[in-house]
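Just below sit the structures, each encoded as structure tokens.
Both complexes shown next keep subunit A, but they swap its partner, so subunit B is in the first and subunit C is in the second.
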Partner chain A sequence: MSFFSFCPRRAGLIARVTLLEAMRQRLPQILLLGAAGLAVGVQGLRGINFGLPELKFIADLGFGGMVFFGSILTIFSGSHLFYSEIYGRSAVTVLAKPVSRTEFLAGKFIGMMGVAALFSVVMTVVIAFVLYTRESTLMQERPELFEHGGRLRYGDIFAAGFAYGLRFGVLAAFTLMIASHVRSSLYAVMASFGVLLICDLQYLAQEAYAHTGTTPLRLLAGLIALLFPDFQVFNLADLAGAEDGIQAEQLWRVTGYGLCYIAAAGALAVFSFKRREI
Partner chain B sequence: MKSSFITVAVTVLALGTAGGLGRALVAPTRAALRLRQSSWRVDFPDGAAGLVRGGALLGGFRTLAADFLWLRVNVLWEKRDLPGAMQNLRLVTALDPRPLVFWLNGARMMAYDMPAWRVAALGGRAVGAGGVARRIESDQAHLALAWLDAALKFHPASPAVFIERANIRINCLHDPAAAAEEYRRAAGQPGAPRYAARLHAEMLRRAGRKTEALAWLVALHAGLPRNDEAAAADLVLARIRDLEAELGIPPGESYRVQEL
Partner chain C sequence: MTTEAAISIQGLTKDFAIGLRGTRLRAVDNLSLHIGQGQIFGLLGPNGSGKSTTIKLILDLLQPTAGKCLIFGVSHDLAESRRTVGYLPESPYFHRYLTGRELVGFHAGLAGLSGGQLARRVDEVIARFGLSNAADRRVGSYSKGMLQRAGLAQALVHDPRLVILDEPAAGMDPAGVEEISTMLLQLKAEGRTVVMVSHLLGQMEEVCDRMAILNHGRLVWEGTRADLAGASGRQALVVDELSMEHLGDLRQWLEQRGSTLRGVGQPALKLAEIFRRHTAVAETRRRF
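What follows is the complex of A and B.
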């Protein structure tokens, strides 16, 4: 098989099996329940909200739970789905057939993305539903606040959910890249959490790049800023409360940004996996 | 060794290319987000930066964390713990700068409550005789104004911040001219309450700039809706008449109401 040998049908079959296997696991179900429970239960925390408008408070905590549980799901589930094939030797059986390693990894990635996408869709719908319910109640209790109609822009909520889903996609691609290179699943999980930490704090590297005085530190900060994606960019929920909301242009720019890193990390995963002994 | 070098080189090349392309693509969105996220800032005082970096990891949970810190601020306020309250006020707004209530109430604590604590700690106003009490009040008022300057970075078009600044300038610093300027800026913001414009004129009058006050009120009254209670067109007209009397303007040259 050459590097570029690729059959979408074969990759699709592997993705389907990966997704079904993931659905049988307990972890995604528990994490989804936890995140959804938090999004629904956040209404009980309204009493300690002092500063933000109530609907913004609910959205913030709902998306906070989505990001927290979704990141854990992406790393643990992604790592498990890859290493279960390696440790169980089923990867050897699959790759003995006319299936290229590129197709195998693409299938795994699409399957992992399927899990993340399902999680993101369910969570975004739950958050939107909780917000809708609360807004309806508020409209009845305090109609004077809603003279110009509802305040929620559901398009923005779903755009924010999509951006977080994309963030999980980038994280899944990096997890796969690490897993295809290292032999221990524990090491891959730890390294993936390390990457998550770096990506979440990426803005610091960028600020340091702009402000630090010494040349070696500037170079180091610039390199980190270049190699690791900045996960703050995917927090489009912060723009959802802005006057003009989330613009379509902003969404496609963030999508392009995520796809750049997914493509690079995916290609590197294939590069490493091709050179790996199974 | 050679294989490891190739792996590192290919990794740097691939991720570097993606990063270069991606950064150029997402730069405008980053700029928009930067205005709304405290976590982008790295210049926080008093160790707040560490918390804010933690806040970036907390994601949406930073709202909840800031609320808990705000509860702590209020506990410290009740105990009259000035250093503790100041430290926690900075942490709250560093963690979540979006709620205006943190900035406004924080400024009020600094400008009105903390001077009283400091004077009381010196033995009361009698002990802090001479200029000591006034200097403390002035120091605290300037601290509150600097605090509201920081608020303006996140809420640049908020009339409430300008009104709070005006209140501090007139109540604590007894400077009607500076207060007039703040009320004028408040009145120019979208969604500003009607009284901000009226108070601008009142501050001008107190500063002795009665002609300016009259000109402002005349221009204001001409554009006010007559059937809006908050606009208080009758009150504005009464003040116009008072100023005309104070300035000795003859009846023939006085302001004539145009019916809208």
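What follows is the complex of A and C.
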């Protein structure tokens, strides 16, 4: 069996074509424009900052838009890029070449990650640019705000952007795992959004049941925590404004956490896809 | 020259589970075939007889319920076995956002070509299949015939020893069918093995060295072109301008030699022949 057969070059070729195909479609372009537009336009919403410091408000809204649009992009474009190969039967021609299914899926995943990475880089640069512009203006208009320091650390902004990109990678791996198993793209999209919801909100269940609930509820919360990643872990944007900023150790821990889930979801996707009839 | 079979299938069986109860449908039933190197092998059968399923089993796109298959002695479930195989699927669809050149280059890369060799082979097959003018257009804008040509280009770009074609002439006009026949014979002359699935019996009869007929997933007949010719035990003569008087003489002559003239008729020209004769003027028109 060709389960462990793997050639990085072939996976790279599939990833390149996947990325190229995604970039030539409208959806990623529209979502990127929407998210970037939100990040740039956030300065116009300064009046409704709910009492938050202005720069933090801009960062929160910018990264919030990045997470919202990025999650939609990851699920829709990931699902589309996989099913377009299956429904369109181009996978038949690809897999008739000396390409193992592991290489095929790895290529698809790397291509999907490429889309998410590109989106994350562009968004992080836009957010950093908007923050820098506003911070420079504020320093001239209200220098007293910066008398005791408090300038933004842009390295932390990029570290936060990296963590969100990793979060998209985990979501892409779960989307691919679901898509490799189910035959309907609509079902795959719905299930992926379900996973996103669980991953985003599971911290509420952890807080509610992990310590105070009954044994079955604690076990359930523990099981969910094991099976699904907690997406709050990737939210480093809050730390970017904290006194200590984002520590390298935290970033390594988040990276390891994300990579573990990507590897697990990827292995399950390969296991499932290996048995799939094309 | 090795005598190893290009494809060796032993007891291949494929069941599909249908519906919630998992009722089993047997698409291929205990099929055994040995396809020698350097020949054109035709796989025939009515719709649903298991031809395309057999091809997909050979290429490991489907997993067999039972049996085994070797491609040039390598088990078909190893990706390595497909290094020497070129495949054109029925009604090929490709990555529509790629250009023709990108598509063929992508498949060449997957097959292991790289650098200058890849670029040279891509140019060669693009020119061979008349796609040079459309090579930098996106595949999504190609006509059905151009897709078929792009399919052939990607199947042959890595110079495979075994070429598997599923309905290569589907939807083509007679000139296109003839061009495919010529290409098949050329592939054979280059020393390649060709396995072809088709409903065009005339074309199969014309180009195939061996043929097999499947029905309900079972092999019901296998033989050579010579087997077909000798199957009736009769011969036919086609004679120009034979008068009734000479026909009587011929009948008598045959009877004296122990043969019997079974029938006399006027063979009509085949429609395909008339079509070709009247459309052959378009020498330079697009064939597909």
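Brief remarks follow.
Convention: the second predicted complex is superposed on the first by the 268 of 278 C-alpha atoms of A that agree within 3 Å, B and C clash if a C-alpha of one lies under 4 Å from a C-alpha of the other, contacts with A are read in each partner's own complex, and residues count from 1 in each chain.
Just so we're on the same page, contacts are C-beta pairs under 8 Å (C-beta built on N, C-alpha and C of every residue); 3 or more make two chains touch, one makes a residue touch a chain.
Keep in mind that this is a model prediction, so the values were computed, not measured.
Once the two complexes are laid over each other on the shared chain, residue contacts for A:17 go to subunit C alone; subunit B is not touched. In the superposition on chain A, A:277 makes contact with subunit C only, not with subunit B. Touch counts on subunit A: comparing subunit C and subunit B, the chain ahead is B.
Once the two complexes are overlaid on the shared chain, A:99 sits against subunit C while remaining clear of subunit B.
Once chain A of one complex is fitted onto chain A of the other, the partner contacts of A:185 are absent, as it touches neither subunit B nor subunit C. By the touch criterion defined above, A:25 lies against subunit C but remains apart from subunit B after alignment on the C-alpha atoms of chain A. In the superposition on chain A, A:264 contacts subunit B only, with no contact to subunit C.
Counting contacts as defined above, subunit A residues 275 meet subunit B in one complex and subunit C in the other.
Contact residues of subunit A toward subunit B in the complex are 45, 48-52, 57, 59-68, 181, 197, 200-201, 203-204, 207-208, 211, 223, 225-230, 232-233, 235-239, 241-242, 249-250, 253-254, 256-258, 260-261, 263-265, 267-268, 271-272, 275.
Those residues of subunit B lying in contact with subunit A across their complex are 3, 7, 10-12, 14-23, 25-26, 28-30, 32-33, 36-37, 39-40, 42, 53, 56-64, 66-68, 70-71, 96, 98-102. Against subunit A, in their complex, subunit C makes its touches with residues 56, 59-63, 77-83, 85, 87, 89, 91-98, 102, 106-107, 109-112, 114, 151, 154, 158, 164.
Note for the complex: subunit A touches subunit C at residues 1-2, 5, 9-10, 13-14, 17, 20-21, 24-25, 88-90, 92-100, 103, 275, 277-278.
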